[in-house]
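Same chain, two partners: chain A is paired with chain B first, then with chain C.
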Partner chain A sequence: MPLDAELARLDATLAHDLLRFGPELLLCLGIVGSLFAKLFRAATRVQLVPFALLLTLVALGLVASDAQDSAVFGGLLRLDSFANFFRVFLLLTAALVLALTRLTGLPDATDSADFVTLLLGGTLGMMLMASANHLIMVFLAIEMASLPSYVLAGFLKGKGRSSEAALKYVVYGAAASGVMLYGISLLVGQLGTAYLPSAAESLGAAFRSGGFSLSLTAGLLFLFVGLGFKLAVLPFQFWLPDVFEGAAAEVGAMLAVASKAAAVGLTLRLLFVLFQHVPIPAVTETVSAALAGVAVLTATLGNVAALVQTNLKRLLAYSTIAHAGYMLMAIACIQRPAAAAVLFYLAGYLPMTLGAFAVVAVLRSLTGSEEIDAARGLLKRSPVLGVCTAVFLFSLLGVPPLAGFAGKFQVFTAVYRTGAFHAAGGHPWLGTLFNVVLAAGVVNTVVSAGYYLKVLKAVALDDPTDETPLGEGVAVRLYLLLLTAAVVVVGVWWDPLTDLTWRAAVGLG
Partner chain B sequence: MDPNAREVDMIWLTAQVFLPLAVAVLLLIVPGRFRELLRWLALFGCAATLALSLCLWVDYYHRVLEYRSDRSVSSMYHPDSRLDARVEHQQSLTAKPVPGPFLSIDLVTIRPWISQFDVNYALGVDGLNLLMVILTSLVTMLAVAASWKIDDRVKGYLVLILTLESGVIGAFLSLDLFLFYVFYEVMLLPMYFLIGMWGGGRRKYAALKFVIYTLAGSVCLLAAMIALYTVNVRDFVDQNVVLRQDEEMARRDPSLLILEAKGRIEVHSFDIVTLSKVGRAAMLVLTNQEHRLAVRGVGKDEPHQPAANGSVELFAPGVDREAALARLKASPVCNRTFQYVIFALLFVGFAVKVPIVPLHSWLPDAHVEAPTPVSMILAGVLLKLGGYGLIRIAFPLCPWAAAELAWWIGLIGAVGIVYGALVAMGQTDFKKLLAYSSVSHMGYVVLGLASWSSADNSQYWEMGVNGAVYQMLAHGITATALFFVVGVVYDRAHHRELNQLGGLTEPMPVYTGLSAILFFASMGLPGLCGFVGEFKVMMAAWAFSPPLAVTAILATILTASYLLWAWQRAFLGVNEKTKGYPDVSAREFVILLPLVLFAIALGLFPSVLILSWVEPSVAGWVENLAPLK
Partner chain C sequence: MTELGLTHFLILSAFLFACGLLCIATKRNAVGILMGVELVLNAANINFVAFTRYLPGFRIEGQVFAVLVIVLAAAEAAVALAIILNFYNNRGTVDVDQANDLKG
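Up next, the complex of A and B:
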């Protein structure tokens, strides 16, 4: 294509593209604004979190009213129903985390500019991850999301644990990024393009003309190593418990919910787009089987390791690993209904995980401890907090009629159907494999009862070491009740959300 | 006016399920310091629920049984009154392009809930579950009345009991597997807290054990449910549903020819009635009787009778029999392993609740640690859900596997009877003794269900199922009452050691008299409620397998001995320590009296009071399954 014509076309659509990119631009505005605020002595005494919250909500409104489906900026990004699902999800998470930090008072006015910059920056990166349509954008987005996360993990200045967490995160993250970049360059070199749809076509062509070369296979493998690190699946999960234990619970919530969701979105997008043109039987099957294996191992490791934890944040960290495993079970199906199930799972995962981390954050701010013992007798010390915690825990365990069950049910159904599909379609071994995955998921659910109930026992059944009421504010109660209500509503009234997730999954590839 | 708005029975049924929950929400608003007010409110809520269930019973008796019964032969067994006939009718109304008009008098309601997964909010009443609902609301009301002594966090306690009641009633009334599962799980949470927060010394251990066992059971149910959901039921549902899906498919993909699309359509359902038809059809295929499979005739007037030539009309009207049969035979549901695995999953899931030996070990712990009213509910109501699940779900959905394994299930039941009785004999803790006696008594339920001898002997099986249902009711009455009896003595003695009790006859004559009747009822003395169920089960078992029947009959000696021995130790003799105990208070008397009266009345007039309206449902159930063998 002649360059001039291409440039003219880009130029013509620029205004429209920028308009659709408005939410992201708003976040940029927030980042720049809070950086500027540091320059003025007077502004350092202003708490910036409320402003950031407002900005996020406006951006949220903009995305929610956006119903178009098109590639923007010459195909670098794809803003379709799938991307929009994640943009809404991520902005909502960011807004909820920002609100939480106001309730627990994590960043004081002096630090608030830094915190806002980092949080909005990370959110921006994650939103780009969910809409990236170009391998270079994939890498840039992951870096954009990761770098602020490294700093956020070390945000509790002067705490050894926090700094250790940040350092560990950086080292692991940098290594994973390096490997991923290497994989991307191998892929781009072999395929001749970084634009995902054309890359997928070349991949299909390369496969038909004699299978994948070593460098192509290595490139794909390295790409998924980078994603595996962000998802924290086996064997790339080592960083996660340490980082979560060291970082503040509010940051943990952001990492556990938003970061994981963005990684899930990117993984889904890459899987669906890249293997679209590759003949089904050979490659997709192998990828599917490999992912399923990883999923089972991840869920099992997360659940078993969580059984012996005494620190709440560490326990929740392993629980998020287990939940990533459940989601990966459905991702491994590489089928559209299964993708919809994953999206629903995420939607339920948001309020329950955020809620659990919020309880830990509130406990820390009121008792100064994050051990399970700090939650002893919580139900007596603060009935509202205790009931909310019980609901979050039961939802994480997957008890109906709560959100966690709705997600888990859809994931398990998708896995079972994939198994039946493969068994009927002439791949009995794959059918058996998915049945094993389903059985593993079911057994894992029972195992996870062990540690969720351990926390619940401390909260509801144990006598408090300190009988005084916890004395949390009304706003904290309202915040947690809101999340609890969300957990119940998502669990009981699926229809609006299933419609949304199905539309989003249709937009996929 | 919107025709759907006139479906009054939907409001009735919904109110029946959610009234306790609504009262619980009301209690949440009342400040916790008004303890007496909270208790009275909860009691009134329970009484209202009981009143509602009695209204439902009147409705069922008049509108469903009598209205449709054939007056000329004055029989209650009219096919149209059966639950599956009413559900089919409602489903065909729902499947019409413009749904409705729904009948207000059929006591069945089906509304879409989660459309993506074909989950319906489906409730329906027949004799079986209505009996259980009345029992539930009665026992819960008495349990709330027995809770007056609980002073610690009264509000939370009552809210949990009411939530539990909602869950139980919902599970009994559900006609949708998914809805059933949700209610079934909803009960788990309140019970955990009730045992764990208001229980005795080892309450935490008992609560954890209860949850782990129940959760393991319900996870089995979940797996079975997902597998059943993937079965293609397109030839068993109203063909309007298939037609609508066909149009939908053609609209989404215009290149698809309509006929081509039709071959590919799959319909999935959680509906228990539909899934049970698939189960029956699979049984016919698996036993090489597929020539008997037939398409149901159209037309409202045609009675719903089993055809004379032995054909079983399972396919929906308008289905091409040959194509449907080919589809059915190709589907995994006609696979022996599939049937065995699904039945095993369902059976284990419910066996935990019944509880069936060897999955019973949570029960003694839970009973011993739970406060008296919670024990009453646990024994009187929750165990019945296991038995009910076997009747309503496990057997009809996988009849082939159930028939194949019938003898083994019967054996498990018989072993449970003997084992429970033997272990009960060795107990010195009054409550633990009763817990093991529950295990023993629920064994009769399993044995009665399993007595599926042959098609010709179906009247015996019917007797067995009737006996099982009656045994559930009788055990619900006697076990509730006996746990309260223990509670009364515990309030005075503050321990439950049988060896340290004794001599209660003298200080507490009224109490002694009432509890004697209850002990004899539990023992199965003729003329009291325990006898009817056990006798019917033994009759059926004898026709099914004499060795099992002999075991069950001999076990009654064990039952009599441990109960009499326990009664002796608690009541007879002279004991200085118990001399000063006051007799039952007015409140305790009011709670015990109705249970005692029921124990007598149900033993004297079983058919007038209960079987007259429960039996038609049981007969329909047996008529569906028995001819398949």
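Up next, the complex of A and C:
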């Protein structure tokens, strides 16, 4: 009986699999714990964020000490070096966002249990997104990451704008995930399996036996619609600015960094695994060309729309759309060196974006405003905050020697090399295409100077409307200085991180 | 009278999917949009269950998928209804065209 043999095999590896799944189980413990804490009256007055922070750091330590590479739970998840890179990244982001919420006082003691539950739940879903190895896990992980995000967007009590942000997010998000599920159902039926490596073999066989059928093409298209929505690339970017403007800046930081990183991880995994058996010149390059086009349009739209914004959160929202465009330029190459460049870009993106959102959150908690005018004369009112803001903005723009420059340099180099590779490999039009993408990337960077420097001018040159010192706490300064240091270190000292991203990219597919 | 085959179920699910998308695109009431999403999810479920019946080697997986999707649809509806209620408490309407404070 093959079923018995299969069950015995699953049983034998269960203890080992659960051990490797330990970090995720710790997060589950935190979620259940904070749900139960609501039952006891004494516990409702306790601030739970520090406990969650501790738990996240322990989980981070567990992942960092994990160097194995294997599929667990009968192949549903794949915990390899690629997945581990994202698990570390996501836990680190969750820890930093939790620390930020303590500094800005977003959830008060009565709400902290709910906030912790949602944040840890979302992080758990994102970690599953990065390690999913089965189409149904892909869908479940996306939903696990999305549902808490919808609620977090509406977390500001009694604020009409926050509830509007949550409404828009949930309506668009539910529609996108429904379409994605329908695509997955078509794919599963056509390929006869949902296990990604076998699905890739069926896909290769289907292609060799005379091209893709209509339902296979539709299934793939719908799957990428869902991913495009999570990544917020054109034409599925419309929800992001509204959600970011309505939600609290801390939540915006979580969505901008963690949610986007998880979507990038899942997209890379699906592209590399699903198309590995499809002959290169045909489908892979159609996909490359389509993705490259989407990447250029996304970056351009993000940068042009950001030029006219006056609200800091909305400006940063368009800036994250533009950065997703830059990352998609390298994702479109579908080559391992380019994937490593994307991972490096993400590592630099984490401190600079989180830092920019943290500055907005601090400004809101101290001045009550999130407009650019609130940042006027920040350098005079609080030199530490002003200098940190300037570093984050220069890094987002891509000025050397900061993290943003290092990331952009690696991404653009990867795009250039891909173009040269295709030109030498007998596909001159693809070579030209990637050179156009490279040029578009450089032009976009120049355009983005328009709005980053606008904020910088307000921070450094404009006279403050209110001359009094901002009076932020020492902890806030230390937090921002830590992120600033990370931005500088990633920008100056590339080698260790480059090694790490290479090893992660090799584990891919 | 021909035997019912996989194709018939796929056509049914495609029809349901189209109805769901149309509902999402045209309804202005947030609860109505949610109903459209449920139609789309159930269209996918019909696919899964039909594949279970007609594809050998997919006997158990399809049914497990269907059960998971049913649970997930319930969770999603719960979250979405809570958010819609929160919006209603702030605005006194569930018309998505009235959600126009955020733009630019």
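The rule we apply is simple: the second predicted complex is superposed on the first by the 508 of 509 C-alpha atoms of A that agree within 3 Å, B and C clash if a C-alpha of one lies under 4 Å from a C-alpha of the other, contacts with A are read in each partner's own complex, and residues count from 1 in each chain.
As a working rule, a contact is a pair of C-beta atoms (placed from the backbone, for glycine too) under 8 Å apart; a residue touches a chain by one contact, two chains touch by 3 or more.
The shown structure was predicted, so the numbers you read here are calculated from the model rather than taken from an experiment.
Touch criterion met: A:Phe394 reaches chain B, while chain C stays clear of it. Looking at the shared chain after the overlay, A:Tyr182 reaches chain C, while chain B stays out of its contact range.
When the two structures are aligned on the shared chain, A:Phe409 is found in touch with chain B, with no touch to chain C. More chain A residues lie in contact with C than with the other chain of the pair chain B and chain C. Once the two complexes are laid over each other on the shared chain, residue contacts for A:Leu461 go to chain B alone; chain C is not touched.
Once the two complexes are overlaid on the shared chain, A:Ala420 sits against chain B while remaining clear of chain C.
Of the two partner chains placed around the shared chain by superposition, neither chain B nor chain C is touched by A:Val490.
In the superposition on chain A, contact of A:Gly160 is made with chain C only, not with chain B. No residue of chain A touches both chain B in one complex and chain C in the other. Interface residues of chain A, counted against chain C in their complex, comprise 136, 140, 143, 147, 150-151, 154, 158-161, 163-168, 170-171, 174-175, 177-179, 181-182, 184-186, 188-189, 192-194, 215, 241-242, 245-246, 308-309, 311, 314. Residues of chain C that touch chain A in their complex: 10, 13, 17, 20-21, 24, 30, 33-34, 36-37, 40-41, 43-45, 47-48, 50-51, 55, 57-58, 61-62, 64-65, 68-69, 72, 75-76, 79-80, 82-84, 86-87, 89-91, 96, 99, 101-104.
Of all the residues in chain A, the ones that touch chain B in their complex are 379, 383, 390, 394, 399-401, 405, 409-410, 412-413, 416-417, 420, 423, 438-439, 442, 445-446, 449, 453, 456-457, 460-462, 494-495, 498-499, 502. Chain contact summary for the complex, chain B toward chain A: residues 114-117, 156, 181-182, 185-186, 188-189, 192-193, 196-197, 203-204, 207-208, 211-212, 215-216, 219, 222-223, 226-227, 229-230, 332.
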